[in-house]
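Heads up, the next two complexes both have chain A, just with different partners, chain B and then chain C.
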Partner chain A sequence: MSVAAAPYDELASSKRARLLNELNELTHWHAEHCEPYRRILSAAFAGQTLFRSIEELPAIPVRLFKTIDLVSVPPTEIVKTMHSSGTSSQGHSKVFLDMSTAGAQTRALLSIMKSLLGSKRVPMVIVDNVNTINQREAFSARAAAVRGFSQLGCDHLYLLNDAMEVNWDALQDFTSRHKGETLLVFGFTFIIWQYFYQESLKRGKLDLSDGILIHGGGWKKLTDQQVSNEEFKRCMRDQLGVRHVYNYYGLVEQTGSIFIECAEGNLHAPAYADVLIRHPETFRPLPFGARGLLQLMSNIPRSYPGHVLLTEDLGLILGEDDCPCDRKGKYFMVEGRLPHAELRGCSDTYQERL
Partner chain B sequence: MEILAPYPSEENWTGHLQRMDHMRPLQPFAPEVVAFIAAFSHAILRDASMRSHPELMALGHWMRRTRIAEMKDQFNAERGDRVFLPRGVALHFAPSNVDSIFIYSWFLALLAGNLNIVRVSTRRGEQAMRLMATLNHLLACPEFAAVRDRSLVLSFEHEEGLAQALSAKCQIRVLWGGDQAISRLRQVPLPPLATEIVFADRFSFAAMKARAVLRQDEPGFRQLIRDFFADSFWFDQMACSSPRMIVWIGASWEIDDAKQRFWPALKAYVAERGVHRPAAASITRLTTMYAYAAQGEVDTILSSVDEVPSRAHLKSDAKRFRELHCGGGMFLERECERLQDFLPLIQPKDQTMSVFGFDRAELDEFAHSLPTRAIDRVVALGKSLMFSRVWDGVDLLRAFSRQVEIDA
Partner chain C sequence: MSENEMTLRAAFCEVLSLPEDQITDETSYGTTKWDSIAHMALVAAIDSSFNLTMDTDDLLGMSSYGKAKEILRKYGIQI
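The block that comes next holds the complex of A and B.
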């Protein structure tokens, strides 16, 4: 089967074997082409590159991308370097892309989104400013997301100016121009909340009832403000009039093979990807329903060894192949991040404020 | 800005500072100071709730009345007929990794007779808060007014202006912290007549003679395990003097056998003691281990990732592992046939070598061959974390004093 055509059709019985093969092949590829990765396999797995199950595959902690450059292609083939937009004091992730990995990311994203939006391009409102996207030297996760998603739409409206203020006139103009058409509204969760939703409260309700809102980028700042996914959806509906709101979850280290929320509110693993839950301390694989660290697999990363990653996000798998939304594959929930013990090394007597 | 001591205080910190301007320093080992420290020691050792914190008990023992009296005698003997006076105002920037350091730094300056301003991290732990409560209780007593009027413990976050204002007041500044923190604080100007002592981030290790480990009888071996545990598990292996690397000395077959005896026993003891692990400790350790492997510093990760103690074997040319270490019960191992063979591998960052199984002559020979700067302490295993008035090669009591020369 062609996974690009049907990201949510494959049953577990077929997917497990197929994905394991692909991931084993990638493990072998990276061991041959990425010296630091090879050394990890050598020190921790006696050099093994063939594993009998997805659970046994070596998982690289995502934080390692912040301290070490991990790349599996010659420098001349790198066309893009992406950076995480995190605010952590431990630095930013760097993800190196060659033409073929970048292309595979785009194809995966488009096929996943088409299952939600259909294959016709729709008028699109991007809740961000155009300059975020154009800063070439620092290709942030946010910029990458906006660029990737913008390919789903047409007649793009960048809603915010450089000062992150909404261009209300342009929005008015845009909605009347596209009256009756399906609109795609896309942005980072926090940016939508802070710069669009909060500002709109000062002006009265909007009617974006033809809109489908897709947002991602993490809940940290909204959790700090005690805004849950349900609350977010309710606010979008009540204030902006958007009835279809979908969150997506993904790592900059696995761009493309994202996990998108269905109408039931569950995140779904597409055919390109899979998810596993591990105990936060022992890293033992946990059964469905148990809360733990999310490990994410993707068959896309070839220019860097990011195909099996252990995140610091907590969540649980709700089931596989049987979500009422009809999508096959595992579906899960993310429930925030592993609480970090405060770093209390010698080095933080007077650490720089971030 | 928060005043931690004296607390409660009717004054704000500027008021308190202004009043300190009019206070004269005390004489070295002034009776009020000695009594205050003895009372503090007594309060800690008597407090049942402190018992679960061996680090605090160690602090309490370090400043027992008899120990302070010994220190005084020693100080007087060294002084002879010379005149030692306090420098004036000592400003301390305490580290956040070891909650008791601020007390050691402050009390040694106090014993020398100085007025003290102490900046404590906003990320201080539970232990610091317990100590603070005990301190404030004593500072409120009328008989310790002389100490109260000469002390100010503050907590504030990254405020350059405050660091400047406080630095302008002092005659000696003491910086404890990581390299970045130290560089930043050193940018803050000091008055021309003030001086500075700096305790930057360091790395420590244990050297163990394999044969001695093997030859220990059971009680001796149990003691070795307890000593090693205290050195490396108090403060979650985050103190600068906590051993993070083990250098095994001996023939390779002896070393193999010694490891076989040592690690399972330590693991069992750690399990018995029930070391508390923060939720993120495992993933931090996994990341660090993989970073070591990826950078070619270690060739084998010897333990499963969730295991404490966790172990990795260093490559023979490894040298960039010191900064990356994350604490939390992680040990890097290497082997040398003789102690002398380890000399070329020493780095300036190396501070404490805790030792087991060597005789004094071997250690003397080793110490005399040390390279520039590195290794300031060679201590028996079990004493790594014991504070001493001589730290990183600096005699603090002397550094907090000035000598008035009389040549008449």
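The block that comes next holds the complex of A and C.
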């Protein structure tokens, strides 16, 4: 799998055909190397491994990663096992990475971020505690995000101590040291909101005006608090004084698929990934503009069958190749989670067949 | 051995906890202790020792001790 140097340059006419080939090849690979996956294809897709369109490709519900070990390489080749942080009643997803897939995911991330930040590493504030990254074998989605994005930065400041309190002196020192330079501020959306933003309100406005804030990790907690994306941006600019705020959407079950917001507020599919929307009950593919379940496709996952995944997130595709920001490819928005009850049928069906 | 080479080898020894005589051009990412966390520590140590900030492509491309030397030469370090 090759990582495009320019992640947003390819038009649909070229991308569709190329990605379909790559996803077919991966489907075949995983059918050969992952027994549960082969059985799914056999039970639900007549054992097919070659599909005529992206819409016909077999999609695995992300929930399945919580209940079965889906892996396509021998255990000796696994270098990392990622896990999601779900509520304990749901269990945790396990995602098995070998060196090649882990490396490809890193290159994908850097390629996407390079298009936003350039190739120079920038002084970086990580709104989290340094201990989040210190587990070497098993990685949470949060640890992986911090570790992945931290490669973009230099002179890293981990802003929060073990009690998740802001080290204000260190921040002051950091901003003085890097006066006039572009800063990168990175963290999980909820952590930035709860532990940095809320605390800073008690102290007066900050001036991180050279800062680009990149955040991701889900809106559920903020939605519960009635904070929208627009509201979040406004608060960040107003209180922290950052110039640019970019949300990203990603999934631990398909790390490397990073969909970052453009200046217009739209999430963009890079060259190695794509999205489509399915009706939450019939699973029929839906046209642009229709809200439904997000299906994510990526040519990266080789060590585990995560190349075509049906998420539990609702969203809609806004368009393709014509975003005013000038990036090519599909652009979309994510609107929140599907309530649990509705998705059970799909995963249960797969479960029964295995 | 040049002073620059000694400095580089010292960074590798320290971050990877390897004895000096085990560092060769082939010492690479993914072998024993050189994982993604060690990688960031190596980059930080090299940046600091040579007073530079390597760009993201070089950070990503620094997959071995041999590569590290090539990268330093790009930044004008004689090694």
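Worth pointing out:
Rule of thumb we're sticking to: the second predicted complex is superposed on the first by the 334 of 354 C-alpha atoms of A that agree within 3 Å, B and C clash if a C-alpha of one lies under 4 Å from a C-alpha of the other, contacts with A are read in each partner's own complex, and residues count from 1 in each chain.
Please note the rule applied: a contact is a pair of C-beta atoms (placed from the backbone, for glycine too) under 8 Å apart; a residue touches a chain by one contact, two chains touch by 3 or more.
Given the structure is predicted, the values throughout are model-derived calculations rather than measurements.
In the superposition on chain A, A:Ser42 contacts chain B only, with no contact to chain C. Of the two partner chains placed by superposition, only chain C is touched by A:Val79; chain B is not.
In the superposition on chain A, A:Ala263 contacts neither chain B nor chain C.
In the superposed model, A:Arg121 makes contact with chain C only, not with chain B.
Legend: residue contacts after superposition of the two complexes on their common chain; A:Arg107 is shown touching chain C, with no touch to chain B.
Shared-chain residue A:Leu201: touches no atom of chain B or chain C. Here chain B and chain C are compared by how many residues of chain A each touches, and B touches more. By the touch criterion defined above, A:Asn134 lies against chain C but remains apart from chain B after alignment on the C-alpha atoms of chain A. Residues 79, 99, 102, 106-107, 110, 113-114, 119-121, 133-134, 136, 147, 150-152, 154 of chain A are the ones touching chain C in the complex. Residues of chain B touching chain A in their complex: 93-97, 121, 123, 125, 157-158, 163, 175-182, 184-185, 200-202, 236, 238, 240, 277-284, 286-287, 289-296, 298-301, 305-306, 312, 324, 327. Touching chain B in their complex are the following residues of chain A: 36-37, 39-40, 42-44, 60-61, 63-64, 67-68, 70, 280-283, 293, 310, 312, 338-342, 344-353. If you check the complex, the residues on chain C that touch chain A are 30, 35-37, 40, 44, 47, 53-57, 59-60.
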